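Written below as structure tokens is the structure these notes are about.
Per-chain numbering from 1; labels A, B and C assigned in written order.
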Amino acid sequence: MCLAVPARLIEVDAQLQGFVDAHSNKLPVNCVMVPDAVPGDWLLIHAGFAIHRLSEQAVRKTWDLLEDLERRVEEDSHAIG
Amino acid sequence: MKTLAHAALALPTHISLAHGGGGQLTDDLIRDTILPRIGNDTLNELMDSAILDVPAGHRIAFSVDGYVVHPTCFPGGDVGRLAICGTVNDLAVVGGRPAGIALGVIAEEGCRRDLLERVLDSAGEAAREAGVFVVTGDTKVVGRGAGDGIYLTSAGVGFVPHGRNLRAARVQPGDAILINGPIADHGLSVMLAREMPELESAIESDAAPLNHLIEDLLSELRDDVVFLRDPTRSGLAGVGADLAVACGHRVVFEEERIPVRPSTRHAANLLGLDPLEVANEGKVVAVVRATASDHALAVWREHPRGREACLIGHVESVPAQMPPRCELFTRIGGRRLLAKPYGEQLPRIC
Amino acid sequence: MRLAEKIPLWLDLIAAVAERRDDTVRLMEVCGTHTMSIFRSGIPSLLPDNLKLLSGPGCPVCVTSQGDIDRILAVAQLPVVTCSYGDMLRVPGQDGSLESARAKGSDVCVVYSALDSVRMAQAQPTREFVFAAVGFETTAPATAAAVLEARRLKLRNWSVMCSHKRVVPALHALFAADTTRIDGILLPGHVSVILGSNVYRALPSLYDFPMVIAGFEDWQIVEAVARLMELAAGRQMVLENMYPEVVTPEGSIHAQQLLRVVFQLGDAEWRGLGNIPDSGLILAPAFDDFDAGRRYGVRPIEGREHPACRCGEIITGLVQPSDCKLFGTACTPVHPLGPCMVSSEGTCQAWFKYHRHEVAKREAAKL
């Protein structure tokens, strides 16, 4: 169960309400489970909550692997970089 | 002739029940708000019916659709643009050249006039893109709460040149399946606007009239085009599943070849939706003879609405003892059934 | 090596191990998102005939007992706004679903986040809102955060109908029952983000099969299945984390803290598994004010399932959808009789949607 998608933190306020960017989809996210997250971090988003902070390395690994499979990744690559 | 100042005074900011009563206020609404946006010589006559001359050697295509989208406006379009594009495309996919549209407006009491103006502006713009006129119309107002802002009904008549025969029964094993660009943008833009208004997305509806794109294909390839369908509400999956049943063969799509924009794919993941099941309003699926597929792609890619056209699959014969079906060849080399979705698409969390 | 080249190698490995077995290899995944990904990507069509992927109790909608569903439907009959994740909308109770209740006039609202229902309650203080909370430990912290937010805002018009469940007690109940022979388990990635991989550590040696924590991409699942096959063949009863990018040994301290503050452990009724002690997350007494059952006096309801429905056995891997008389005949996604057919990640719907003809073909081949 449990859909979760990676997205990059754009901003976060003192109440831990923030916004993330998931490939040009900007959405509000609650960061109470990742209180140390700072803008630029990659987070795993589930039901409006960030449930995990991903390392840049982990994100890169995942996307590098995916690029092998996906033909149309041109737009993706600069969104990550 | 009223002066401009008078006209401005006469324009209330909200639609009232009296605007639909058929009296002077209705006349004012038609003259001040509707005709300046979608008017033309035929419509301006305000006849009870439009009379169209049918060119010799043509049959008539006739179609109707209701447009009740919520929200009324969404990124990339609104109900006005949708009403024209939907009907134009329904005519075009059976080979019809759209000849006239009838537009029925049902506004809810209290609907803002500027919303109605925006919707009519969009309808007018889409009609100009399609090169078709709204030739007759109707305006009604329903009580507050009995509608949702603005509903439109559009019916259209198109002329089908002699000899055009676009039917699933002509589809044969070996035929190629093409689409004119990336899928799922319309359905996701509407769903995000409705379900997650707090989300800002780059996704815009693809709503567009496709009659020129389709006409170019039909006039260049003629009989080599055997079937056309716009993958609207049940998406590409619905078209594939319906086509398989209608033609009695196996319809095969290749996942890797089906174009989906990254932002659309990610939004679909976010909501737990399958882009293959999401609606399009500016896409058309064409089945053409295999030998003509390169030509078809070349024709489409010349066209602004077909630049990202690509081959997405083909038709195969059905192995013995198996019913006709639509299958997806997945990117890891797997194979699975592609079924028609069941109803309203629901976002999924867990 | 490129990923595209690795996938065939993993598939070859799977086939080779399966070929050396003269019986059927049975691997179970316990996560609805795995079920979806497996079927959507056509993985079953790539596997040898004597390898079966079973879908265990991993779909929160499917494991929710009939009684809990009926309680949510009972709340929806009250003059409240019932807020639910889209997943629950079509689940049938004894009398209709949230979707049909809405058609008959109930106020039912699909939300993406538990916090959305709190914000709605804050914006409309004259109406009462009930959030129907389902899901495992991935989703439960979001409910906990919503409860804390409602308390901070001193909301008196928001409450929660809580059916949250815990994964690990269900795994123990399933494996201890020993009715299903399993060769390996694919563990869910995202619930493990919260719980951490350590919670599974004792399981492999206890129940004598290997376990692998896997991500949700098609290739991640193929890789994990290959690894499970390898481990099973070598009789290595170990836990491996193949999703270390997001799953840590300890899990999310902050999410676990939220769960501890807002919930306490309680018995829960699972479809197919029955009552499992300490497998439910119920609101701690400090949050009684937000308990919708208490607020509206909705008592536990004895669930009555369709007598021929085999969802319970399907969830526990005892039978497959095609073994159920109702599957594909009386029970279809359009007219679902059991939750496994309703939920888009339910085993029956996945079979019906992505796999039906394969089933038909194999049945035909047997004749």
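Simple rule for what comes next: a contact is a pair of C-beta atoms (placed from the backbone, for glycine too) under 8 Å apart; a residue touches a chain by one contact, two chains touch by 3 or more.
Not measured: the values here are computed from a predicted model.
Visitor: If you tally contacting C-beta pairs, which comes out ahead, B-C or A-B? Let me know.
Guide: Looking at A-B and B-C side by side, B-C shows more C-beta contacts.
Visitor: Taking each chain's centre as the mean of its Cα atoms, which chain lies farthest from chain A?
Guide: B
Visitor: Quick check: how many Å separate the C-alpha centres of chain A and chain C?
Guide: The computed centroid separation for chain A versus chain C comes out at 24 Å.
Visitor: Between chain A and chain B, what's the gap in Å when you average each chain's C-alpha atoms?
Guide: 34
Visitor: Find the geometric centre of each of chain B and chain C from their Cα atoms only, then give the gap between the two centres in Å, rounded to an integer.
Guide: Each chain's C-alpha centroid was found; their separation is 37 Å.
Visitor: Which residue numbers or ranges of chain C touch two or more of the other chains?
Guide: 32, 59-60, 85, 112, 135-136, 138-139, 219, 345
Visitor: Residues of chain B that contact two or more other chains, please.
Guide: 196, 272, 331-332, 348-350
Visitor: By residue number and range, which residues of chain A touch two or more other chains?
Guide: 1-3, 46-47, 69
Visitor: For the complex, give me every residue of chain C touching chain B.
Guide: Touching chain B from chain C are residues 7-8, 32, 39-46, 59-61, 85-87, 89-90, 110, 112, 134-136, 138-139, 218-219, 222, 333-334, 344-345, 352-358, 360-361, 364.
Visitor: Within their complex, state which residues of chain C touch chain A.
Guide: So the residues of chain C touching chain A come out as 2-4, 31-33, 58-60, 85, 112-116, 135-136, 138-139, 141-142, 145, 188, 190-191, 193-194, 217, 219, 245-246, 252, 254-255, 258, 345.
Visitor: Which residues of chain B touch chain C once you look at their complex with the stated criterion?
Guide: Per the touch definition, chain B meets chain C at residues 195-196, 271-272, 274, 321-323, 325, 328-337, 339, 342-343, 346-350.
Visitor: Contact residues on chain B for chain A in the complex?
Guide: Listed in rising order, the residues of chain B that touch chain A are 192, 196, 198-203, 256, 259-263, 265-267, 269-270, 272, 331-332, 348-350.
Visitor: Over in the complex, which chain A residues touch chain C? Could you list them?
Guide: Those residues of chain A that touch chain C are 1-4, 30, 32-35, 44, 46-49, 51-52, 54-55, 58-59, 61-62, 65-66, 68-69.
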